[in-house]
Amino acid sequence: MAETVLEVKDLSITFFTKQGALPTVDGVSFTLDRGETLGIVGESGCGKSMTVNGILQMVPAPGRVTGGSVKLAGEELVGMREKELCKKRGQDVAIIFQEPMTSLNPLMTCGRQISETIQAHKKVSRREADQRALELIELVGIPMPEKIFHSIPGQLSGGMRQRIVIAMALCNNPGVLICDEPTTALDVTVQAQILGLINELKEKFGTAVIFITHDLGVIRQMADKVLVMYVGQAVEQVDAKELFDNPLHPYTQGLMRCIPGMDGGDGDLHVIDGSVPMLYDLPKGCLFAPRCPYADDRCRGERPGFYGAGGHRVRCFRCESMGEEGSR
Amino acid sequence: MSRPVLKVEHLKKYYPIRKGAFSKEKTVVKACDDVSFELYTGETLGIVGESGCGKTTTIQSVIRLIEPTDGTILLNGEDFRAMRGEELKQARQKLKLIFQDPYSSLNPRMTVKEIISEPLEIAGVCPDRAERDRRVLETMEQVGLDPSYVNRYPHEFSGGQRQRIGIARAIVLRPDVVICDEPVSALDVSIQAKIINLLRQFQRELDLAYIFISHDLGVVRHIAHRVLVMYLGRVVEEGESKELFARPLHPYTQALLASVPRMDAEGKPAPALQGDVPSPADPPSGCLFHTRCPYAQEMCAAHAPELREVSAGHKCACHFAGGLPSKGE
Amino acid sequence: MRRYLVKRVLLALGILFSISLITFFILNIMPGDAVALMLGDTADPNTIETVRHNLGMDRPMWEQYVDWIVGVFTGDLGTSYFQRKAVSDLLLTAFGYTARLAAVSYVIALAVGLVAGIVSALNRGTILDRGLMTLTVVGISAPSFWVAIILQIFIGLRFKAIPISGLDTPISYLLPCISLGLRYAASIARITRTSMLEVMGQDFIRTARAKGLSPWRTVMVHMFRNALVPIITVIGADIGTLFAGSMLTESVFNIQGVGKLLVDNITKRDIPVVQGCVICVAIICVVVYLAVDLLYAVVDPNIRLGGEEA
Amino acid sequence: MKRKREPSPVLTYRGYYRESWELLKRDPLAMVSLVIVIFLVIIAVFAPLIAPYDPDKQVLSQKLMDPCLEHWFGCDKHGRDILSRCIYGCRVSLSVGLVSQIIATVIGYFMGVCAGYFGGKADAVISFLIQVFSSLPDLLLAMALMFALGSGLVNLYISLGVLAWARTARLIRGTVLQLKEKEYVKSCKVDGGSDLRVILRHLLPNCIPTLIITVTMGIPSAILSEASLSFLGLGVRSPMASWGSMIAESQEFFRSKAFYSLFPGLCIIVAVIAFNTLGDGLRDALDPKLRK
């Protein structure tokens, strides 16, 4: 068995607002091995971005990690002191955010933003750090690295900036790289370039990747295993191939069918009835029951646990016959 | 087929910019250069391309939200560009627009009723208030909004519902042409599907013609009958949707299709194109695509290819169109 | 960048020219006649006419203006009606006082304001933040001349070592500087806090934290530097009003600065002096605005490299 | 042709201003200042009924009288009741604040909309004027104007109002530039809506929060300017009572009679703080950025 770099168990994040305690992330668990890619997929507001904030221990107020554990290379991050966390962030776990336009400091040169990350974690001179930053800029496939090193983000295109962010994330060779919708803001041809780059670098460094997206097509290309989220809960967890060949949760099935395919028919698109419930007004039973075509009285009255077999975990009573799957 | 409801010929929109810091020399950005198309009743024309390719400039010029530099726009056979005053106002009733962002497209200080009835008021078609209210309620019903929400404000609605209000506003005057500028891009897939179905339903029921702009090729393929592919302000390929997606002729279209991550095919992503789109202020010589084209030859840098008909109804602006290996499906 | 520079300088000159035009005409269309005031009630109309003629006041307004503006460029601001001294000399002496008072007040205010603003932003919502912000509201609300009088009463009269007028010994700066600097310290603290909070919510701060930078580096290098542009705007506007504000402080503490000169002569209707003071302050203001525009370019490379307006 | 309806919205929203009011009510500081502002307005309006004495009546026997039960704030150098003068001073301050801001808002809104909406040459000229007017400190220009117009209440209204337009115009111009790009403005144009319709139906309602905030924040600065001008002898004409001129009169007695300058100064501070805090509260309550 490959070496496990990240183990998340029953991670829960609650936002304490005027409308009450909102369970933004509710008991998400997964493990991530070296060199593996986990895809997290779901619609906006399903808690996928908050899950990674929870991993980094950077949940914004008024939210808080209210349960579970996050073990990075065997070390527990939940409850760790901020000073220790600073040493982990950027060193052992790095993140690429969605918006390349705003996630870089607009007043600082790209090169400096990379080299300061190196200096934050290694005792090296400014010169050495700059040298290393320059190498990284070249590594992420930017033409004329010298020129880009001295540029500020405002002079670069979205794709270029995202490459800089990738260089910055990888500069300390982290064990885990989190990509939070890194290509959503980019055009398809640039998206293909960036996805290719992430895959190439992941293989080169053996980095484990968590890839968050709402695009199932991207998941198909990138992920080894997938976690489907719905209103803060994981509803289906399985190997990528199995998920696309044999989706078991009604939500996953619905999601796949309502995307207009590149070779789909001309009829009306499949729709999922109803809308996503609000966190302060969650249904009593299964969270998907109000929109589920198969829902019965039990679904409406009781929350399902995980069922399934062979590493396929599904939060649905219809899979009960396949056996209980507590955790892997 | 009969006369096209909208016919656009050689539409151009140039923006002048100053070249250097002090130079008097001015150059132009050709945001939309020599775009022509025809649109028939009951038909959907898709326009695809990456950001900065001029899709939005094109439709904003067509609808005269910005004045085009040159070209002809015929709406029901009449010269739309020459219209002024009351004539223009009446013509505008036949040409409507749905925007991308369901959050900034509705005035937060107006109720749903005021929003939907504004086009009626401007057009002055029903001076009777009761009649106007009746039409607003009827339209709300049609787009699947509960008419009892008529006095509510846009804030109260979800993204999908706001887009329905936008659609209601666009169809309340029974237009001939509705231009949809990325109407589903800001929505989640499950809501996107509902809106697309709704638009298709109206097309069938009201015989609408759509111009549908999107960067999502899957959506365009699903909804459009014919497709224009744009690159740096120019049309590089035009054809029937099925034909174009099955046998793309232009290397750019081929690359675009190959870049879309697909659910049905496993495999690592392979970037089909290198580099970024060149700056529109300093476009490449000859064929605009030659800097990124895998098949570029010397002549591509020297001569700009014409948009020519390669097979029936399928046009392409490439010197080698038809002679290239088809990378489609 | 060069285009930006040239544009700014031309704009500054245009503004200065317009201001001189506006103030000249405002000051010269006043109803009360300085000459009549100068010569007293008993003077006969003929004498008044002669004096007016000697002073060149019977010529058309635009001619007087051209004379005056040409004078401004050559450093000749005319002669005081009453003191029989060159206005430029009067101004030069007075300017020394005002500049010293303003500089000391503002540097202290800037230091206090920046620190208070940063501390407040970093401790948002705590008692410390609320306390500091309450103080700043009082600071921007209290009229400086009243603060000056209160300081004289409750500190000046209590502690004999602290003088309540003049600006001669280092200790004599204490009260005038507090009364003048208070509102600036408060306004800088407020804009610093707002601006810091705005930057704090931006994505690149999240990136900086996720990179594992130390909190100190995140705050000073990433937040503060990016918060600077609005702060500089306020500083630029402040330095202009500082000279106006010093009018009040100077008259309370009897400091012979530009403000006092202006206030004393406005009641006497000594127009050349008043015009001199106004144009002097106007030049300073415009120069400061120009400096601020250039400072933007230093702080924000997007302006420097883009060459266009931010 | 009926569609299946979308499920009912879960949010309840009662209109922008109701919602803002709810937010404002939750801000204790803003509510306290609102009460003070209302209190000041009542004092200003009903000054003759509230003031215990005639503010201009000189009683020589009461010269520089210390505060006592009959004269809570004491008496001034002419033996006039300071409390009564403070109450009448409130009239001057508030009316100067309000009237000058109304003048400024009318000019500023018009100029701001012209510059922002029509752009081009109109924008170039107005923007230049805005810069000219905001280059000189307000107080200095106000002094020059008061010098030319002569002292008096009406002249105060005019000069402070005329000078404050630039700030309003700048803010409105910025707001309009942002609003102009909104898709609802574009869709009104696409529908054939006239410029007048856009300005009245779309721009004005969305500018009102900005106007409310500028007026609330402009009043205290006008009050301060009035006090400063009156202090320098360029404000109201004596014997009219103004907080600033009362402080000026008290100056020569600061060694012996501290109370003399204390009360008018406190009046200024209370009024200015109340308006500033209310303005802050309104800004928080009306700011669309803080809303979803």
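All chains are identified by letter, namely A, B, C and D, in their written order; residue positions are counted from 1 within each chain.
Basically, a contact is a pair of C-beta atoms (placed from the backbone, for glycine too) under 8 Å apart; a residue touches a chain by one contact, two chains touch by 3 or more.
As the structure is a computational prediction, the values presented were derived from the model and not from experiment.
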*Farthest chain (mean CA position) relative to chain B*: C
*Looking only at C-beta pairs in contact, point me to the busier pair out of A-C and A-B.*
A-B
*asked:* Rounded to a whole Å, what is the gap between the Cα centroids of chain B and chain C?
replied: 54
*asked:* I'd like to verify one number: the distance from the centre of chain A to the centre of chain B, where each centre is the average of its C-alpha atoms, in whole angstrom.
replied: 32
*asked:* Quick check: what residues of chain D touch more than one other chain, meaning two or more?
replied: 6
*chain B, residues touching no fewer than two other chains*: 158, 160
*In chain C, residues with contacts to at least two other chains*: none
_Touching residues (chain side chain A, partner chain C) in the complex_ = 56, 58, 82, 85-91, 94-95, 97, 99, 102-108, 116-117, 120-121, 152, 154-155, 165, 168
_chain A partner contacts - residues on chain B that touch it in the complex_ = 50-51, 158, 160, 188-194, 196-197, 200-201, 215, 217-219, 221-223, 245, 255-277, 329
*Contact residues on chain C for chain A in the complex?*
202-204, 206-215, 217, 221-222, 225-226, 299-302, 305-306
*chain D residues within the chain C interface of the complex*: 128, 131-132, 134-141, 143-145, 147-150, 220, 224, 227-228, 231-234, 244, 247, 250-251, 254-255, 258, 261-262, 264-265, 268-269, 272-273, 276-277, 280
*Can you list the chain C residues touching chain D in their complex?*
11, 14-15, 18-19, 22-23, 26-27, 29-32, 137-138, 140-143, 145-146, 149-150, 152-154, 157, 237, 240-241, 243-245, 247-248, 251-252, 262-263, 266-267, 274, 278, 281-282, 285-286, 289
